[in-house]
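The next block holds one structure in the form of structure tokens; read it before the comments.
Order as written gives the chain letters A, B, C and D; numbering starts at 1 within each chain.
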Amino acid sequence: MKTTRLEAFSDGVIAIIITIMVLEMKAPHGESIEALMPIFPVFLNYVLSFIYIGIYWNNHHHLFHTTEKVSGAILWANLHLLFWLSLFPFATAWMGENHFASVPTAAYGVVLLMAAIAYWVLQRTIITSEGRGSVLKLALGSDWKGKTSPLLYGIGIAASFWSHWLAQGVYVLVALLWLVPDRRIERTIQQREN
Amino acid sequence: MKTTRLEAFSDGVIAIIITIMVLEMKAPHGESIEALMPIFPVFLNYVLSFIYIGIYWNNHHHLFHTTEKVSGAILWANLHLLFWLSLFPFATAWMGENHFASVPTAAYGVVLLMAAIAYWVLQRTIITSEGRGSVLKLALGSDWKGKTSPLLYGIGIAASFWSHWLAQGVYVLVALLWLVPDRRIERTIQQREN
Amino acid sequence: MKTTRLEAFSDGVIAIIITIMVLEMKAPHGESIEALMPIFPVFLNYVLSFIYIGIYWNNHHHLFHTTEKVSGAILWANLHLLFWLSLFPFATAWMGENHFASVPTAAYGVVLLMAAIAYWVLQRTIITSEGRGSVLKLALGSDWKGKTSPLLYGIGIAASFWSHWLAQGVYVLVALLWLVPDRRIERTIQQREN
Amino acid sequence: MKTTRLEAFSDGVIAIIITIMVLEMKAPHGESIEALMPIFPVFLNYVLSFIYIGIYWNNHHHLFHTTEKVSGAILWANLHLLFWLSLFPFATAWMGENHFASVPTAAYGVVLLMAAIAYWVLQRTIITSEGRGSVLKLALGSDWKGKTSPLLYGIGIAASFWSHWLAQGVYVLVALLWLVPDRRIERTIQQREN
């Protein structure tokens, strides 16, 4: 299977997740501004999840930028990542409906953590498949973001039982870390081409 | 990232928004023609939102017609636009369920306004990225539609507290303004090619 | 805009309609075979709608097979068709929920009729845009299917107030008429190429 | 119609099915870990359905790898397969809501069986269309997986009236059989190219 096929399919799934998630925000029952107020924190949370899915979409492309052939292992590692991404709307809705209670806030962190692990597994699978002199491995370098994020998610999950604000803060922090697109890969490719 | 990727992803998201929006129109509970009547204004409103999304899809293509490389800034400006577009179904549903009450009608206008601003930001980001002699900047010219629309949305939002018919009228007016596809860009490109 | 863009977008919308429609079939509340029975006619109706959307998807491709450039008029004629197609799930659900009562059965016929008219308008728009010696016009020939279908839908709509079985029978009949894919266009193209 | 069109459309439909299915998992009402417990078996079932759709997506590509032209028969055989695949969310939801009662568990097996039959029909249609010396026929060889699966689904359906655990076990077993991607086709193609 060619990489373009896998990318098109992943794009389709991610487009559905990112859109449906926002569509799931239910219209409030009243018609006043007060009726909108309670969904405001929920709205902010949808913005955060939207940004997270956007980050994954962005980095997903960088990941497959150097890959040419898709093995069965890469295919399933990719489906595994898409599975966890497709749980974002579920986790976002559950947390929103329960006004950011401890367990749902922790569950949101667990989904973030699992997606990060799935992304890491996908990365390793591609590097293994590329073999020695893997461009992706070179490009990633120390991959400090990839290593720090799971740790931060873990802190966020633990913090959610103490203060949901702190947990949310950690989740926002990791998103900000990643918002800077992964230039390492682009840079390495450009260097190689020179 | 190539422009085609970003366009395909945006097409996917816009296809989902435009389709799901219509699918969200709930079948009435009765089986008589009278049961259909109350959803008729809602139906008309879905038609308006459908046309708006169609306009954005159409103009989105013109926008990227001249763009070749997608920077991180363009990517996020595009996701920002998609975010506001994906709020159309929410705003349409809330307004319809409340029989075009003041606040939901104003909220619909706010979503229209935010999408227009997001579109403008995306336009500026592309022009900045293209640098001097930007084809898009040339093509847009005075961009009177882009400048007038936010003003008209503002008037619509204000009017919704006075008469929802007037507000709706303004929203329809702006849609009509844009229904004429943005020929400036096509024209400029053709002139350049000659 | 290139034809491939418009086709890809239309494919996306049609894929969503055909899938969501089936997904909207709600799981029954009981766990016995008896609980499945009442949704059996509804199920058959979803099959019919699925086939109709499949027919439109199939013929949509034949339509754009000969088209190279997409004008603004074609673009909006296409969106107009997609709008009516996206009402299929609504019409199917309303008819199914009301056990094929007269008005919903007629409404289903109206959506079928409007989609047929929208298809005809799209066809005319493409032929006009192609100008003299339009390949599509040649390929369509007498277009007896296109001319008979609206008439039959009209009969179906009228019949639904007398017997919903008869109306359903007419809707099934038209689907069967079209299930034979539109070979005229393929044949004409092949003849031209020889 | 070119194969790429049919593949892109099928990819779109499969992407929607696989994503919506997970999105349909409703957020529990409570905010405690106990509230999550009852949806755990449902969650596992969604994982199984996700894997099944993933298998079909994977094998679907192998199927069309050797096909160049799409006839009307192939097109409808493909839509027939997509129809049964789009019933996976329905069957998964019904089984989950009824805590794996006999009839819903059997119904899930029937959908699995019908999808397997539809896949087999699609395979036969492609082989017939390719005529003598069909690469696909060569590649499939004895097709023992394709022949064993329907039998196993039949056993699963029968077993569901006796023990839903046994039925589930059979369904998981068939998934595991197929998780190994269909290397026969790839191998045959490579041999031919050498």
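Following the convention adopted for this analysis, contacts are C-beta pairs under 8 Å (C-beta built on N, C-alpha and C of every residue); 3 or more make two chains touch, one makes a residue touch a chain.
All values reported here derive from a predicted model rather than from experimental measurement.
Colleague: Kindly list the shared contact partners of subunit C and subunit D, in label order.
Modeller: none
Colleague: Same or different, please, for the subunit A to subunit B contact, judged on whether over half of the interface numbers appear on both copies.
Modeller: different
Colleague: Which one of the chains is farthest from subunit B, going by Cα centres?
Modeller: D
Colleague: Please work out the Cα centroid separation of subunit B and subunit D, and write it as a whole number of Å.
Modeller: A distance of 38 Å separates the two centres.
Colleague: Taking each chain's centre as the mean position of its Cα atoms, how many Å separate subunit B from subunit C?
Modeller: 27
Colleague: Spell out, as numbers or ranges, the residues of subunit D touching 2 or more other chains.
Modeller: Each of 8, 12, 16, 20 in subunit D touches at least two other chains.
Colleague: Could you draw the chains as nodes, link the ones that touch, and say if you get a line, ring, star, complete or other?
Modeller: ring
Colleague: For the complex, give me every residue of subunit C touching subunit B.
Modeller: 1, 5, 8-9, 12-13, 16-17, 20, 24, 72, 75-76, 79, 82-83, 86-87, 89-90, 93-94, 97-98, 101-104, 107
Colleague: Tell me, which parts of subunit B touch subunit C in their complex?
Modeller: Subunit B residues touching subunit C: 7-8, 11-12, 14-16, 18-20, 22-23, 25, 27-33, 35-36, 47, 50, 54, 57-58, 61, 179-181.
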